[in-house]
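Common to both upcoming complexes is subunit A, partnered first by subunit B, then by subunit C.
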Partner chain A sequence: MQTETKANVDKSVGASGQPVTILRFIGDISSTSRDAVLGTYQNLPEADRARILLDFSKVEYINSSGIALIIQMLLAASKSDQIIRAFGLTPHFQKVFTMVGITKYTSLFPDEGTAKASF
Partner chain B sequence: MVLATNATVEVRLPSRLGFEKVAMGTAASVARLMGFSEDRVEDLKTAIAEACINAMEHGNKFNEALPVAIVLTIHDTSLEVRVVDKGTGPDHPVPPPDIDRKMHGEEPARGLGMFLIQSLVDEVEWVRGSPNGDNYMRLVIRLDKERLDKASQ
Partner chain C sequence: MPRKSAFPLWLVFLLASARGFAAGPEIVTELDGAWAWQRGDNPQWADPSLDDSAWPKMSAQAFANVRPTAQRDGIFWYRQRVQAPLAEDLALELGPIDGACEVFVNGSRIGGIGAFPPHAEWYSARNLLFPIPPGSSDLLIAIRVYRWKLAPQWYSLGIDTAQLPVLGSESVLQNDLALRHERLLLRQFPAFEIGLLCLIVGCVALELYRRDRTDVQHFWLGIAFVFAFLDGSGGILSVTTTAFPVLPFMLAATAVNGIEQCAAVLFLGACISRRPPLFVKVLGVAFMAAIMLTGVAFAIAEQPLAATANRSIDLWLPASVILGLAVAARTASKREPNAPVLAIGVTAYEVSLVWAFRLRQYLPQLPATIPLGPFEARVPDLGTGVFAVCMFYVLVKRFLRLREEREQLGQEFEAARRVQTLLVPARPPETPGFVVNADYTPAKEVGGDFYQILPAGDGSVLVLVGDVSGKGLRAAMLVSHIIGGLRHEPSRRPSEVLQHLNTALMGQTDGGFVTCGCALLDKGGCVTLANAGHIYPYRNGEELEVPSGLPLGLIANPAYPETRIQIVPGDRLTFVSDGVVEARNAKGELFGFDRTRQLSMQPADAISRAAQSFGQDDDITVVTIAMQPA
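The block that comes next holds the complex of A and B.
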């Protein structure tokens, strides 16, 4: 019943010219998404983890277990001074992320262009 | 569409993750028929998903033979949802999540479901020992005044 989560990794460049790694999620983000979310992050080469963008534009359903996976990723990143930002969340999930307090630890952008420009 | 007050819609789900999406879709359809705005429909979908997941996990211990029932009752100015499982409800109040503690590894990253439910609907209560012996979580989401004025014109 749950849609499998896929995560594609793209490399790009921020406005400062620094490399940015984009994790593009497709499908649901729930308790079954651990490998796609945390596994993809953990398998990135160290050099590709300095600046990460999370692309939620093809995600329709995120539940509390999925949000917990994002928190775990942010926690791991904060220990290594990595920067993670996000874009493509629907207005509803922007509200939910704000309610939970995640926006204290990451920034949400409406689209990829503004998100990349922030780096 | 004119909806009969106290009309009910009922869905029964196996206690398997993923089936909460059936309840979300059903509740969204009913809420749209009642005239709820899309942002409130999204609030309701998330709250019902979390209530169903709690019922499957904590109430029915993921025993797929035990159903989770979702009963949607249409009232004049609100939609009432009962999420029924075979559990007895939480033993103690669930504290709100603390993102700072989570981000310092001082509390588990999980434990957000009840907070989301309480934040997204207008009323939440756990009902034990109803007349028919059910225990359930009761959620209420109200039509806002603007919608009511529009509907009455």
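The block that comes next holds the complex of A and C.
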């Protein structure tokens, strides 16, 4: 049932004209997604980590181990004063993210356009 | 027991059949007179009245020694006039043929095999028997042969020159053929046994791979041996079957051999590292392609292509053998269990590979077969057999070790499950003033969910429901750590309990976390709630959106704000773990928050069963607590 996680990196520009790095996740996110989630984040050049947008629009399922990976990334970004925002989560996982307190470290947006406009 | 006794019976049967080896035909004439022959084709050449005196003649000796190097392909006719032996059931026996042939007696076609151009169909036939209709004793035998141009050299004119055509009683010839066939079968006995051993070793290796899919060494070894069995079976069939079409056989045989060699190379690569290096993959595929190309070249009878494929094998074969010997040397130098046996097996296989493909080509004095009593074994088969025996030994050892490890792991899981049973109560304790109902269903033998119901002398009840990210033994060990901490927890304030647990879990979660909902209910119905990232509880079927702090074990000193609510007798609180809301059906659909909320007034076990039947994916915990009237 579980599908392998893939992560693609795109570059864009926010409303302020500043560059934004978009991490687009595809597939389920679970304990086996460490390379796709943390590996992709850690391999970004330092300059590309200032503003990061997480795209979950092609993610159907995130289990607790997957959420743990996302929290680790958010905590690492928070320590380095990087800004991470997210969009594309289903209503179910928006609620889960809110429950586990992820929204203290990131803002959730309904779509890519509004998410990019926030930068 | 039946398997044990079947084999000797078969052997006895073969040995009994072999008694007739010495018996020779009684009414038989070998056609060793001068054969008139002609290259070309003309239907009139079957006519007994044709004057063939101008045709070149070939004595039996010359017939056996002809080794034409040019124009080896095409249609040949052979004619000979003979006096029939005194037999009522006369028949003509032709030796092995690679191509197509037709036999005429006194101008009438009495049989044939294969097809002639333009739709030629090449057959490889062993000994063919053609009954001759009764009639005149003066016979003109005409044989029309279409020779396959890539046939082995000894089939110089389309007919195996080592065996001259024979004329005689059909029953005698038939009996002689049957005896020779049995002798052939008997000779194949070692090849048959080695093939069977290859199949067994292949199946054992594939079973080991099925049990541990991370070990591709077993996968490639299994494929190599299963295809070695198919390869050997094809070889046995080719010498024991009366006739078979050459093209499909050649394509199938080289495809099977190519896959076998490729899998063997990839097995060697997997001995170097879990993922075979790229150069090994390239070598395996190139070797396979070269072998298959020879099959295609022979199938389409394209000599230059066959030569190219042959040269290509000359390139990849040494590389494969060097790799094998290097792996054998590297393995032998390691102090791993069974390393010497594995090294011996690989070395034997590589030697057999060289022998099979090339060695006898350059050293023809080397024997092709070795006699083993009444049997004989091809030297390459013996090499494969030694490899198979060695690998069988290694695999059985690994199989036993794996089973031992599994049993040990099972015992450890059972011990952990027993510990967890003691820590997570099967039945909630007595809670005067409150009715507590709980259900705990791990997804594996042990779970990462937990709950605790801790009543106190003042009539209050402290309730904790939590979930360790991940499942299995590691999560279960963390649960034990949490519950151990709770046993010594001095505070009953939810926010403090969570903070203390967080402190205890810092550095213990290995990148994961623990969600936990905590509620203190006093006997008057005042409920104090704090939440560390856990699923919100429900009150009387409605979700309670309590402020949430981060899960436990992530950051030092987080804040867990408290929320106070008042419940009255008859009110009910329901706590669930994410195994309920994230139960998934086969379509990937989640059980979700709405269904959970709608069921939240059901008994704990009913909520749990609903989630399980929807599709349990994680540990499931449900705790309900209802206030009783005073």
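By our rule, the second predicted complex is superposed on the first by the 118 of 119 C-alpha atoms of A that agree within 3 Å, B and C clash if a C-alpha of one lies under 4 Å from a C-alpha of the other, contacts with A are read in each partner's own complex, and residues count from 1 in each chain.
Simple rule for what comes next: a residue touches a chain if its C-beta (ideal position, glycine included) is under 8 Å from a C-beta of that chain, and two chains touch if they have at least 3 such contacts.
This is a predicted model, so every value here is computed, not measured.
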Does the subunit A-based superposition show subunit B and subunit C clashing or fitting? clash
In the overlaid three-chain picture, which partner chain does A:N63 touch, first (subunit B) or second (subunit C), both, or neither? both
For A:G101, select first, second, both or neither according to whether it touches subunit B, subunit C, the two together, or no partner. both
So in the superposed three-chain picture, is A:L44 touching just subunit B, just subunit C, both, or none of them (first/second/both/neither)? neither
Count the residues of subunit A touched by subunit B and by subunit C, then name the partner with the higher count. B
Counting only touches as set out at the top, which of subunit B and subunit C does A:T32 meet: first, second, both, neither? first
Check the residue A:V9 against both partner chains and state whether it touches subunit B (first), subunit C (second), both, or neither. neither
After superposing the two complexes, find the one stretch in subunit C that runs into subunit B, choosing from 206-214, 332-340 or 584-592. 584-592
Residues on subunit A in contact with subunit B in one complex and with subunit C in the other? 1, 31, 61, 63-65, 67-69, 71-72, 75, 92, 96, 99-101, 104
Name, in rising order, each residue of subunit B that touches subunit A in their complex. 16-21, 39, 42-43, 46, 49-50, 53, 97, 99-100, 102-105, 108-113, 115-116, 119
Show which residues of subunit A lie in contact with subunit B when the two form their complex. 1-2, 30-32, 61, 63-65, 67-69, 71-72, 74-75, 78, 90-92, 96, 99-102, 104-105
The subunit C residues in contact with subunit A across the complex are 467, 469-470, 509, 511-513, 515, 531, 533-536, 548-551, 554-555, 578, 581-582, 584, 586, 588, 590, 592-593, 617-618
Interface with subunit C, subunit A side, in the complex: residues 1, 31, 60-61, 63-65, 67-69, 71-72, 75, 92, 95-96, 98-101, 104
